[in-house]
Amino acid sequence: MNDNKTPLAIELRDISKRFGAVQANKDICLQVPTGTIHGIIGENGAGKSTLMSIIYGFYEADTGEIEIGGKKTHIRTSEDAIQAGIGMVHQHFMLVENFTVLENVMLGAEGGALLRQGKDDARLELKRLASEYSLDVDVDAIVEELPVGLQQRVEILKALYRGAKILILDEPTGVLTPQEADHLFVILKSLKEQGVTVLLITHKLREIMASTDNVSVMRQGQMVAHRETKNTDKEELAELMVGKKVRLKVDKDDAKPTGLVLSAKKLSLVDSQGVKRLKDVSFELNAGEIVGIAGVSGNGQSELLNVLSGISSLSSGEIQFAGETITAANPKNASQMRDLKMAHVPEDRHKMGLVTGFEAYEAAILGYHNSSAYNGSILLNRKAMLSECEERMAKWDVRPPNPHLKTANFSGGNQQKIVIAREVEQNPEVLLIGQPTRGVDIGAIENIHEEIVKLRDSGKAILLVSVELDEIMALSDRILVMFDGAVVGELPASDADERTLGLMMANAYNGPLSKTGDKA
Amino acid sequence: MFETLILILDATMRVSTPLILAALAGLFSERSGIVDIGLEGKILGGAFAAAAAAAVFGSAWIGLIFAMLASIGLALIHGFACITHRGDHIVSGVAINTIVAGLTVTLGLDWFGMGGQTPTLAGDARFLSLTLPFADAVADVPVIGLIYSELLSGHNVLVYLAFACVPLTYWVIYKTRFGLRLRAVGENPHAVDTAGISVAFLRYRAVIICGILCGLAGAYLSTAHNAGFLKDMSAGKGYIALAALIFGKWRPVPVLFACLLFGFLDAVAVRMQGVSLPGIGEIPVQAIEVLPYVLTVLLLAGFIGKAIGPKAVGRPYVKERA
Amino acid sequence: ADVKPAVVYDQAGKFDKSFNEGVYNGIVKFTKDSGIQVREFEPKNEAQTEQGLRRLAKRGHSPIVAVGFSMASALERVAKDFPDLQFTIIDMVVDLPNVQSIVFKEHEGSFLVGALAAMKSETAKVGFVGGMDIPLIRRFSCGYEQGAKYVTSDATVFENMTGSTPSAFNDPTKGAELAKSQFSQGVDVIFAAAGGTGIGVYQAAKDEGKFAIGVDSNQNHLQPGTMLTSMVKRVDLAAYNTYDQAVKGTWAPGLTVLGLAEGGVDWALDDNNASLVDVDMKAKIEAIRADIVSGKVSVHDYMSDNACNI
Amino acid sequence: MNQAKVPVWVSIALIPFINVMLAFFVSALVILALGEDPIEAAGYLIYGAFGYEEGIGYTLYYATNLIFTGLAVSVAFKAGLFNIGGEGQAYIGGLGVGLVCLWFDSSLPLMVIAPLAIIGGALFGAAWAYIPAYLQARRGSHVVITTIMFNFIASSLMVYLLVNWLKQDGRMSPNSRTFEESAWLPYMHELLAPFGIELSESPLNASFLWALICCVFVWGLIWHTRWGYQLRTLGTNATAAVYAGIDNSKVTIWVMLISGGLAGFVGLNEIMGVNHSLLLNFTAGYGFAGIAVSLMGRNHPVGIIVAAILFGALYQGGSELAFEIPTITPEIVVVIQGLVILFSGALENMLKDRIEGFFIRKSVA
């Protein structure tokens, strides 16, 4: 693509970066023409953020060269990058939460040793930017009081205020509602018209197809392909991303539900800040079926799993399960829920599912550590723990099958297997499973999917949460859609397609299939 | 009665001075994200350096410079551990306090051979009280006269300096570029880093300011309030200052009042030893002495307001996990 | 005789400018006179006190002087285990066949300096700053008060104790604060019986242009022109005599009480304070002194009934 | 991910060893600066600590205190809590021990008083840790700051109690009366004499054995029980602990109770074993030294025993050193202690990164 005549905004040559034992980027080359929107896709952990952070000077590359606007540029710190006209909106916002918007924007570009003069100037400049790019925010608002969408706007303003000619956005839509995402793309378009070059990172193919001019694909730290967006399609990109033909279907028979095991009625959860995270969520779960929950991340799915598994307690509503009625007044904690045979594979195995400092056989009883199977009268029964762990490792093909290895030292897929094995082998009645294949490679994905289906076929109920629509559609028998803490739609998997689900996730679907029709 | 009160307030100013300096020192450090329980050690080290240098050179001002240098040195060790090597802030603080407690006595004994003390300072080797203009003239004017001549006049220069540091700190923290960055780096160092500002350099500067102020506090103890260094003469003032910092919620003016309150309690406690109050009997001074600690605990527990410190305080800034 | 003398100071250390330093001075003199070195030890905590005593005893040191009341229990244990060695304890009574206990009539010396203070005072207000609040220090304060009132019957005596723990003997900051508070109430002479804390008192007196009275050692040299006198308690003599007696073979266990008559306590007059004490005052004090020695004036001892009824 | 490549002996032995050596090296520089010969000083130090039976006794006597406070720090540390309050907990624990002795010394035999004193020390120490623990668990006040505050409060409280209530009439110093001998823990030399083992007299007493028992207890608790499992989970990943149904508040509280109780046992050694009366400041900084001990001992009971003996040797050897070379004060030991905390605690990453990096590169290559 470098044979077209547009000058290059960015050119990377052989960029490599290693974190300890992890080679996050390897010999990356990339060319981005000025005034285009360039997409970069890749699976979790492919090295996208690392690469962008290198361009932005947050990390320094081990080797390789960067040219900005045709000039070789040494970017060692973010300051160098800002000097070179680069701005970045990070995957995790870089805002000082108890500062005002104005202070955040000024930080690092105060325009003098005293704040007074700079403040007035910044106010004026922000007003100009706001009108020019329709980026309205109250400059005196405290950042932590703003919704995420606006916070992101502050990040963009920060970059523009510094005169960024190249804007990097790292997974900007992961936290946005569809409307906010749409607005973002409008802004990006207008930036592009003003000659700003945009680097857009995502792993959502839809967004790539809709908004970019060119797209590059990363896999396992390497750049594997460059395409002009108009000359490619989703299937090709997906295949490039995962490195082999993607089979989006899982072999499974129709579900044969055998009766109600869990019913949730009007579940609500108010968090410590007083924000309503769950709003009157009701559904039923039958033995022998997989119910998938679709939704943009951050719409209450995690909270739902937490409430059901006993990690958070309800604010109102009730859960009926295993002959118990769980309400705000009669809460059950996580270990009591486990005793009722509710298993839970959490969305984030590092934060929750594992203690990475533990050896595998210790991590393998997390949550079940009080069980008599692992305890003598006072001491833990190590022998039992070890032999059971060995058994499971063999059965689930965990590699290496070494119960004494620290869990941190297993690969992502194998860590996930340890977690799933732990929960499934307890023979639960209900399995809550969040993002079962996040960061897991394709081979392991198939394996995990098979196990989930097997569990269903043995008559268990499974509640599956995933932000990957493909996964939801491939596994579920019935699909619930969540938006803003509420269930906004329900449909059998056979009727689901990406378009319908997408609309429902944006809470913009008016068709006949939605049963719980409390639309905003 | 009024006179007694003025006298106690007068003592309060003297006793609060090292607390104010140290608490402001802590404020700079903690606002930048570096927890500093090493205030105690820096004060003690500063006190020793000041007295030793003043004794040798016969000048309190030279003593002051050495106090600041010593204290900055200790601050840099803390910075080296916490900023450069991502060490635990608390552990580093404990280490510094321990080292200084031992080293001052060891060096003192070696240099001066007086059981770890420095020689008694006199004349120019000490900061003497200044009499404000007209203090004697207005002394007889009712109320105002007493306040001016007893309370405001007659302190040494470091006392006035300490009080002047409060508005200065306020101005630096809230009105300057450095202050904005300092507050930001204690809240979210990543934001500062991505704004093109070096987190480490910023924090080092904060830690150095902390060292300077602790040096002042130490010099005050040994060359102004007292006339020489004495083993363990900081006597927990660093911890009280830390308590005042928390009690003042990391803001300069409330911190000043916290220091004054704690200083006042100290001044009262000193005078209450063995004194029997009519009708009440003897109040155990220990009860007054522990009040600063008890109040701080109550505050921390949220029983009187809430103490929310800088968000990133105490957490090492890690960019790359190696 | 074959003496291997030793001393264990208390935790304030031998350079406290006061009590321990007095002992140290006696030792220096003894070494100068006899040429015999005295083994010194300064413990840093309770355990080391006993350990030090024991270590010295093990190495055959004798006599061993233990300085201060806080050594009593440690000394008692060690002396029991080494019945053949000689021990002397200052300021405390330990009733063992191989221990000599030397105590002083501090109230008599305090009476003298109290009288002098009252003579010097222009406000008829004199002050006392004590160290740790214990009967021993009350004995000083009670004697001082009696002396002041003996001269000026309507004198007001302000009295403050620094604290209730041994650290009260080593807190010049508090000493200075207490002195300042007394000065601002009109006091113009302060007697500090407070060990190292006194340094702060003298400093404050100097800073405010008032007078102070030292304690234990002759502290007149500390702030010449400010130190009115010192109530000397001849711990140096006590230490010197112990060693000297041991050399001569006259050392004997039992209780020794040293008062004005024995020269164990006294007031100090030297070049540093000669200008502050005029002939008249000097004569009066000497007269009072003679009266006490002769028994004409009796000074109440606080520790005899734990009260200061005068 | 590093552990896979870095040999175990490097992280549990080599790095701590190098850190301690660095601390000693800097200490040697200090001694050199004092104009003394560090080698000679080390000679006295080692002789004083290990050269003769009594010296060894003193070393182990100091180590006893340090084992208790080191364990106290490390138990809390394992649960992710930094208990700087060992000093205060030890002080109040000693009060518990002392009260038991004062109440029962004339009525009960040692066989009954000893267990009661153990309970008393543990209960009082634990009680003093309870408030900071409760405030951390339920009200989110940081345990580091509150335990610091509680050290001061403990010290004032003890002064008040000793001066106003416990002081024996007629005594100058604020000590309680000396206990009857039935409340004295037997000295080691007394204990072993019946077995024909003749030891020279030293303050080393039965509480040393109790310290070893506590090590076994802590080892078992942390690595071999479900409570220890919960504690370690909390300490390494608090979110995972919630996920696992572990009540973090509850664990926080009882971990601190155990920690405080362990610190309280210092009173057994000091009050019941050696001083035989309640007195001021008998904790003498052992609570803070416990931090160094636990850091150096890598929070493992075996490491703690080794580190405690090393520090005990420094204390004892240091007093020997000060005895022999009066220009060196025993405070030099405090300096060494601080340097150990600095190098093996605050600066642990300084060499760790390099050394581990070296081994990683070696294994990658």
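In this document, chain identifiers A, B, C and D correspond to the written order of the chains, with residue numbering beginning at 1 in each.
Criterion: a contact is a pair of C-beta atoms (placed from the backbone, for glycine too) under 8 Å apart; a residue touches a chain by one contact, two chains touch by 3 or more.
Keep in mind that what you see is a predicted model, and the values were worked out from it rather than measured.
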item	value
A-B or C-D - the one linked by more C-beta pairs in contact	A-B
Between subunit A and subunit C, centroid-to-centroid distance (C-alpha), Å	78
Computed distance of Cα centres, subunit D from subunit C, in Å	38
Distance from subunit B to subunit A - Cα centre to Cα centre, in angstrom	47
Length of the line joining the C-alpha centres of subunit B and subunit D, rounded to whole Å	30
Where subunit C touches two or more other chains, by residue	42, 133, 164
Shared-contact residues (touching 2 or more other chains) in subunit B	116, 322
Subunit A, residues touching no fewer than two other chains	20
Pairwise chain contacts under the document criterion	A-B, A-D, B-C, B-D, C-D
Subunit B - residues contacting subunit D, complex	37, 77, 80-82, 85-88, 90-92, 94-103, 105-107, 109-110, 116, 236, 239, 242-243, 246, 284, 286-287, 289-290, 293-294, 296-297, 300-302, 307, 322
Residues on subunit A engaged by subunit B in the complex (per definition of touch)	19-20, 56-59, 77-83, 88, 90, 92, 94-99, 103-104, 106-110, 112-116, 118, 158
Footprint of subunit B on subunit D - complex, ascending	2, 30, 34-35, 82, 84, 131-132, 135, 139-142, 144-146, 148-150, 152-153, 156-157, 159-160, 164, 288, 291-292, 295, 327-329, 331-339, 341-342, 345-350, 353, 357
Contacting residues of subunit B [partner subunit C, same complex]	7-8, 10-11, 14-15, 113-117, 120, 128-129, 150, 221, 225-228, 230-231, 233, 235, 267, 270-271, 273-275, 285
Subunit A contact footprint on subunit D (complex, rising order)	1-5, 220, 224-226, 229-230, 232-233, 236-237, 239-240, 242-247, 360, 364
